[in-house]
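The structure appears below as structure tokens.
The chains carry the letters A, B and C, assigned in the order they are written, with residues numbered from 1 in each.
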Amino acid sequence: MNSRHINIFSRRPDFGAIVGVVLLFVVFSLVDFSNWWSGRTLGNILQFTAILGCIAMGQALVIMSKEIDLSVGSVYGLTGIAYVTLEADLGVPGAMLAALAIAGGIGFLQAMAVIKGKIPSMIVTLGGLFAVRGLIYVWTGGSAPTMPRDSRAHWLNQLLGGELLGIDAAIFWTALLLILLTLVVWRTKFGNRLLATGGDESSALSRGIRTDRIKTMAFVLCSLLAGIAAILTLADNPQTHVTLGDLMELEAIAAAVIGGCLLSGGRGSLIGAVLGAFIITGVRYELISLGAPASWYITFVGIVVIAALIFNQFLARWASNQA
Amino acid sequence: MMNISIRQLVRQHNEIGIILIAILMVTLFTTTSFDKWANAYNLASIAQITATLGLLALGASLVMGTGEIDISVGSTFGIGALAYLGTVATIGPIPAMLLAAVAGAAIGLFNGFIVTRFGVSSLLLTLSTLLVFRGVAIALTEIEGLSFSVPYDQRSGFFYQLFGGGDILGINTGFWWLILGLLLLMAFLYATPGGNRLLAVGGSAESARSRGIRVTRVKVRAFVICGVLAALAGTLEGGKLGFADGGMGRLMELQAIAACVLGGCALLGGRVPLTGVVVGAFVLSSIQSYLVVNGVQPQWFMLLLGVIVVTAAISDRALRDWALRSR
Amino acid sequence: MSATSNNSHPLIEVRNLDLHFGAFHALKNVSVSFDSGQLIGLVGDNGAGKTTLIKVLSGIHKPNSGEVYFDGERVKEFHPKQAIRFGIETLQQSVGLCDNLSIARNFYLGREPIKHWFGIPFLDFKKMREASTKVIRTFGLRDNVSADDQVEMLSGGERQSIKIGRAVEFKNRVVIMDEPTNHLSVREREHVNELAQQLRDQGLLVIYITHDIHQVHKLADRIVIMENGEKVTDVAKHEMTSDELEEVIRFGGRDVEKEEVTV
């Protein structure tokens, strides 16, 4: 590799995330070799990375269109609870579809509020975060439903939640979604328009792009992905709780940002979002195994997001100097 | 003068909307739930809740006025309460209150610094700060040997009562602090150069800067004032309750933002109807109280709050667009 | 108030100024100097760098390299506050007014008149209202527009008049006007041009940016042409006619081969 190759490689949006992952492996191998490299630890981390990564990819899509979705954690929780609760009446496939429909519906409603109501997505999705969380509490009455045993054995649940070839299914499915979405964003017209909308909305409009439709699609996809992540989680372990998904919106944003998505839109990387999810998950697991109290987790997420935000600014400045 | 149209009135006095809503609401609640909601005891309780929420919202409205947003006020509120309650027994109410104010100022300074120095989104940053200090508050309450409650014999001291622990004219002192705070802020915002510049920054930071105004300083100052007000609100709440836990202030940040939006504040800055904000806080506290006295599950409030914020923002925008469509 | 520059150095001097916006090279090695008692016409096509240059002078942009000297002293901090302190009053083209504030508040933004009450500085509303009303009447705003009206409601021409009135009111040593005749009627334009000349006669340095080369040629003592971020021409009025100057703007000021444009 000569210096020109390195230069081009370092221009990738996810360059920071790739470096971060490598660093992570190096540091943790030095600090806690035996635990870090155990199949169990890595397996857990990878599975959770798959879940968070799925949500982060959705967030990345919205961020690339220059919006933001703060409600994904609550949507994740609601979809999960809807899936488990509705299973009794609709059966496993029916409940899955219904739950995903709810997720998509919320995404659509929020998109409408942003586009027709002309309010910043920050406020709409902030309101969504609380409204949906409140809805969860109201629907469940505070108690956490779970799925009966024979439903857990349903083939769909096994396919989405069990193990395939010794690896957790969630990892497969997220990898599949990653490949699909990456192709969509970088090889289809829709993806092109998405990046154009986020990069410079007025020039996208003047080129005839229906930015309203693009953004609506981004919001719906984002909520759907959060819903899919919930299904994957519950197919594996149908235990729910009312705080399901708490804080995940911020983790998803941090993951997307670490992964190279510019909050100013138009630039990003889906694999970067997944790598970002890996970094966040890995650090969290390692901190806990090294003995940090669990109540520090909230502070930890906050600090990670702040660091990611500052990093994002430097990335943006660097990127504009390259363009 | 005689030709003032309704459009003009709405344009110039943004509080009108929320005041009308408040009047409607009070009428509705009183007629449907007279003895439970509209009695003196309940109203005094609403006044106290309005006080703490109102102070939070006033601080948040100043930051919103500069075009930023501070959603960490809930955690600053909690830290303020803990700072006050953790030390009041040993150093007395006034030093404890000052300590809380300093803690609030420090958090505000941190927020303002990171936002202006790095150009980071204030919503995302203060959401993170919200988490950071929530965790700190929880960790503080988990430390062995630290107590955050005030022994009963201390609760009758004059200054302790003054800072939320007692009543004046049957209403918690916190409420009177709110009124005082409102008047002071109105004087600052509408009648001093500092206030003019704050509104200018919210209206167009670029134009303000081109006239020589140090936009960074104006924004940081707003964040600091917001932090101080949030911490003081926490002090008053702590003074009233006599004890605090790590979860104090949870959800209040969203209520504060909701109160601002309900009161007519422009989300992007430049418009801060302070009285509207306080009335907005009153409306939210009243709704919460109404739900409680009628036995509705508190979880409904969270749901309602989210819906209210979005609806209020949409209506405000629609109303503004309508009012502007005339010359 | 009107400063005559020391004969040993110019009032404003710019040396080798370079400015990038990301990858866009906005100012390329620009060097120019201005003395007081002059009216400089700064002209050039869109994107030539005129507005960028004066934004550096008014402290809005910080150059990547090069120096700026005010009255012989090197400028270390680039902020509009410093420029104002030096005595530069600028009429910006697209910024300068806050829609959410009244005319009076906009007028005095950054230099609010105060009255002390118990030691606290409060806005002197009476003075603000009186002075800004006087100015807006002078500049012909409709009689039913008052100093307390929000700027948001005004037309483009009315806003421009406020900006001009403000620049004239707070003039100090330098007045920079970026396209001051935008949105104005013919009579109003004449008024502005008269004002610019009066300011120059009072001993100030006036920098006047415009597209109308023929107009400014009549007013100015010196013409500076910019193109693609570079200074390409710097002549006294009598050295070139306005037609010759227009040629330079249209066809470029460099001795390069230009392709024949066929229509």
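Assume a residue touches a chain if its C-beta (ideal position, glycine included) is under 8 Å from a C-beta of that chain, and two chains touch if they have at least 3 such contacts.
None of these values were measured; they are calculated from a predicted model.
The most central chain, judged by C-alpha centres against the centre of all protein C-alpha atoms, is B.
Distances between chain centres, each the mean of the C-alpha atoms, put A farthest from subunit C.
Among the inter-chain contacts, the highest number of C-beta pairs connects A-B. Computed from the mean C-alpha positions, the centre of subunit B lies at a distance of 42 Å from the centre of subunit C.
Mean C-alpha positions place subunit A and subunit C at a centre distance of 50 Å. Our note on geometry: subunit A versus subunit B, Cα centroid distance of 32 Å, whole angstroms.
Note for the complex: subunit B touches subunit A at residues 69, 71, 114, 118-121, 123-125, 127-136, 138-139, 142, 251, 254, 257, 261, 267-268, 297, 299-310, 313-314, 317-318.
Touching subunit B in their complex are the following residues of subunit A: 68, 70, 113, 117-120, 122-124, 126-135, 137-138, 141-142, 247, 250, 253, 263, 293, 295-303, 305-306, 309-310, 312-313.
Of all the residues in subunit B, the ones that touch subunit C in their complex are 11-12, 187, 191-193, 196-197, 199-200, 202-204, 206-214, 266, 270-271, 324, 327. Note for the complex: subunit A touches subunit C at residues 320-323. Contact residues on subunit C toward subunit A in their complex (touch as defined above): 22-23.
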